[in-house]
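These notes open a run of structures that come right after.
In the two complexes that follow, subunit A is the common piece, with subunit B as its partner first and subunit C second.
Up next, the complex of A and B:
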């Protein structure tokens, strides 16, 4: 008999506490997030796939196409393609291809990047039924409306053209000199050749 | 002829009222469960998911009725019908307003207890006829639960009959007229234990209609879905409707016996609105309780009934008798 009423009273008390808690939760706002329609704002340090950063001064990326990210990548998932454009200093990036299917998000590329042109993005809504959808061209992602033409420096262009001309001239002179030397030598050489044959 | 019109209007009225209530009590339950768990609940079908019950109903009606191989075909098909029939019959005696009673019986209270037993029977029948061990266990559990909780419920009802001196539900309500302290739940001058009696009756009615935390007949975690495991389509739909209908009956009966039915708490403008208000309040409490407590064990259930509810109701019966004799 001992404990009969205390058991009952304790039970009723704990039941009442339970009802109080559910009532409180009922009156607070739901925390449901309607995922496809709305999504969580990602923490700034979230490590998504890498992206080229937009430089506000130039209006484009700051990549110098040095290829350190490509070399440092343990999964070989980065391919940097670049070309030389007359009148522009350094190489110009033509494509920055990231194969995200093999990326392990180690961050070596971000650490290796001297001009800090790449960083982790906050993008996490990545789902597809096709493997090809995960091979990104980051340059296209940075400029979806079209990659802008690189700015040509006229002074540099002139200098370069002069240099090319000078080089061409030098080459022509060299060629001429070589031709001259060849014709000078021709007499001996020709005779030799004839003699041999 | 009058009789025929009365019967017809009862069936049409109760079908419309029940259909609407069952659909939207389901919605209230899902929405309430959602918000208690800080979810939203149904929201996509119609504004605030208000058309969800309609969509569910259409889906249930369009499904094929599959009878399992081991099932007893006749009993399997008739069990959900029996459950629904019992529920519809139970509404015959409920006095919604002073003059709004489908059929005023002098023995309405007895009639409700008698027909309500058929609901337990339909669960046993459905469980047995499914030819499935889980369903059978659920059926036997439901019956042992029914037997255990009918005793304190009846004893509590008898105390009310002793106080009011009638089994006519409308008369019971009339005897609680005036301000709210005349309601049986606060009638301390008739028996000092009346509030406890109300609690006993409410708990028993919750157990009788197999609602959580006493839904051992369904017990998803142990018995798949209990007696409705093998039911699909409208068989399942009828059991579901019967459950909500019984919930309404349980809430109405508690309202009639303890909360003064259609009486206004301040003695002004009594009418069906007060009845509905009290009934829906109790139904909401039942839903609230369902989403607060985990399911009891069979041991805990029978322990509660035999060790607490039956002694308390018996003591209340004696105290009431004493009060009647002394005062």
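Up next, the complex of A and C:
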């Protein structure tokens, strides 16, 4: 019987202690943030989807279209499209497509990027009911008003044109020489050449 | 006794708990054969979120496997990062700078604290108490903010790299962590007052869910489950790695073998984790956070490598067979809760169903980790 009462007493005691704590907590200020009206400040290192960084000197990105981000990506969510523009050194980026539905934010692309052209953004408000809304062209995101034309270096353009001309000239010469040799061969023994072709 | 009465006495029925059930923390299905309120046989059924992580390790390059480590045990992902980093560092013989090792230990222990706080809240929630969950999540939120400021993510961390960590910690993190420890330390006695000393909790945990040390050995249970059965085994002490030998901490061991013992082990481990973090913050030297010699494309020499770490739920060990290419020939992940769950069938025989759910909560199960 005494066991029963001590058990009851212990129960009441533990209840009182618990209530004391909850009452104390009840009187403290709530820490809840009213989300749509207020929002948490994101940490600078927060990993949102990747973005192309604006280079203040050139007014555009520094991507060299090497494709190392695409190659290192575990989920194949990056597609880098580029083309060769006459008069511009290297390749010119035409589209940087990120499929954010499969991205796992591991950071391999950011680490692999030699010119440090990409980094994580701080964007987190990305709710949508459509899957297509998560496929971004980062180049268009960087230049929403239109991608600027790449700067053409006249010296390089001239050099390239000369090179092309020289190559064309060399090809023409080669062709001429081949034609000449063929006619010569034909003169020597037409049957042999015909048989070969 | 008539034949009819006898058959009624022996009548059993089958009950499915899960795969979608609030008391099972994820997609775990337990097929229970019940005799009234008592369990005759409980058979856990796995495979609902199997994602072939081991196979993925065999067709991705070593670097590309990093994000998978954050998605095994989503509550102590940094410890899993540590396991993978340690494995390849052992295989390649990469020396890790001391500052990086300290950062690793600090983040792993913060992650352990976070995991134990979540377990504490969810476990009490299993037993029917809602308030402690809110208190635990209040503290946990602080850890998540701290870790987010360093790693960039809140849950699925991908922070470690071979030969170091992704980026250095700043002064804000160090002062923030110190302030947080100061804040959490008085909270633990408060949790004990609010929860541990509560008679209802004691009634539900003391002398319930008995797991002997032999049973733990038989099923390979590790972590707080094993330490709650009176076996002093912690990878941080038994097979020291990283800078743990330089830090002074105790391994809490309880000999009662019941659910309460496992509960107490985790509560005491939080205190020890705080001690480790404080010492590591004091001892952390300046310097680089990534080995300069670490190669970008890894090709570990041919061989069989193994590395084990103490995650929040027990021993997580990784084993890989390398054939000197940029992918693994065989990747094996040994996750602690798979073993911890496997003893559930034997230990829950003859238990009341409500006790069995409390017992399952004391095992601290994370389903994505056993269903790799």
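FYI, the second predicted complex is superposed on the first by the 149 of 197 C-alpha atoms of A that agree within 3 Å, B and C clash if a C-alpha of one lies under 4 Å from a C-alpha of the other, contacts with A are read in each partner's own complex, and residues count from 1 in each chain.
The criterion applied here is as follows: a residue touches a chain if its C-beta (ideal position, glycine included) is under 8 Å from a C-beta of that chain, and two chains touch if they have at least 3 such contacts.
Nothing here was measured: the structure is a model prediction, and the numbers come from that model.
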| item | value |
| --- | --- |
| Subunit A residues touched by each partner, larger count belonging to subunit B or subunit C | C |
| Contacts of A:28 with subunit B and subunit C, given as first, second, both or neither | first |
| Contacts of A:18 with subunit B and subunit C, given as first, second, both or neither | both |
| Partner chain(s) touched by A:43 [first = subunit B, second = subunit C, both, neither] | second |
| Touching partner for A:182 - first (subunit B), second (subunit C), both, neither | neither |
| On subunit A, the residue positions that both subunit B and subunit C contact, one per complex | 15, 18, 21-22, 25, 31 |
| Residues of subunit B touching subunit A in the complex | 32, 34-40, 288-289, 291-293, 307-308 |
| Touch list for subunit C against partner subunit A, complex | 60, 63-68, 70-71, 131, 135, 138, 145, 148-153, 156, 158, 161, 166-167, 190, 193-194, 197-199 |
| Residues of subunit A that touch subunit B when the two form their complex | 4, 8, 15, 18-19, 21-23, 25-26, 28-32, 34 |
| Touching residues on subunit A, where the partner in the complex is subunit C | 7, 10-11, 14-15, 17-18, 21-22, 25, 31, 43-47, 72-75, 104-108, 111, 120 |
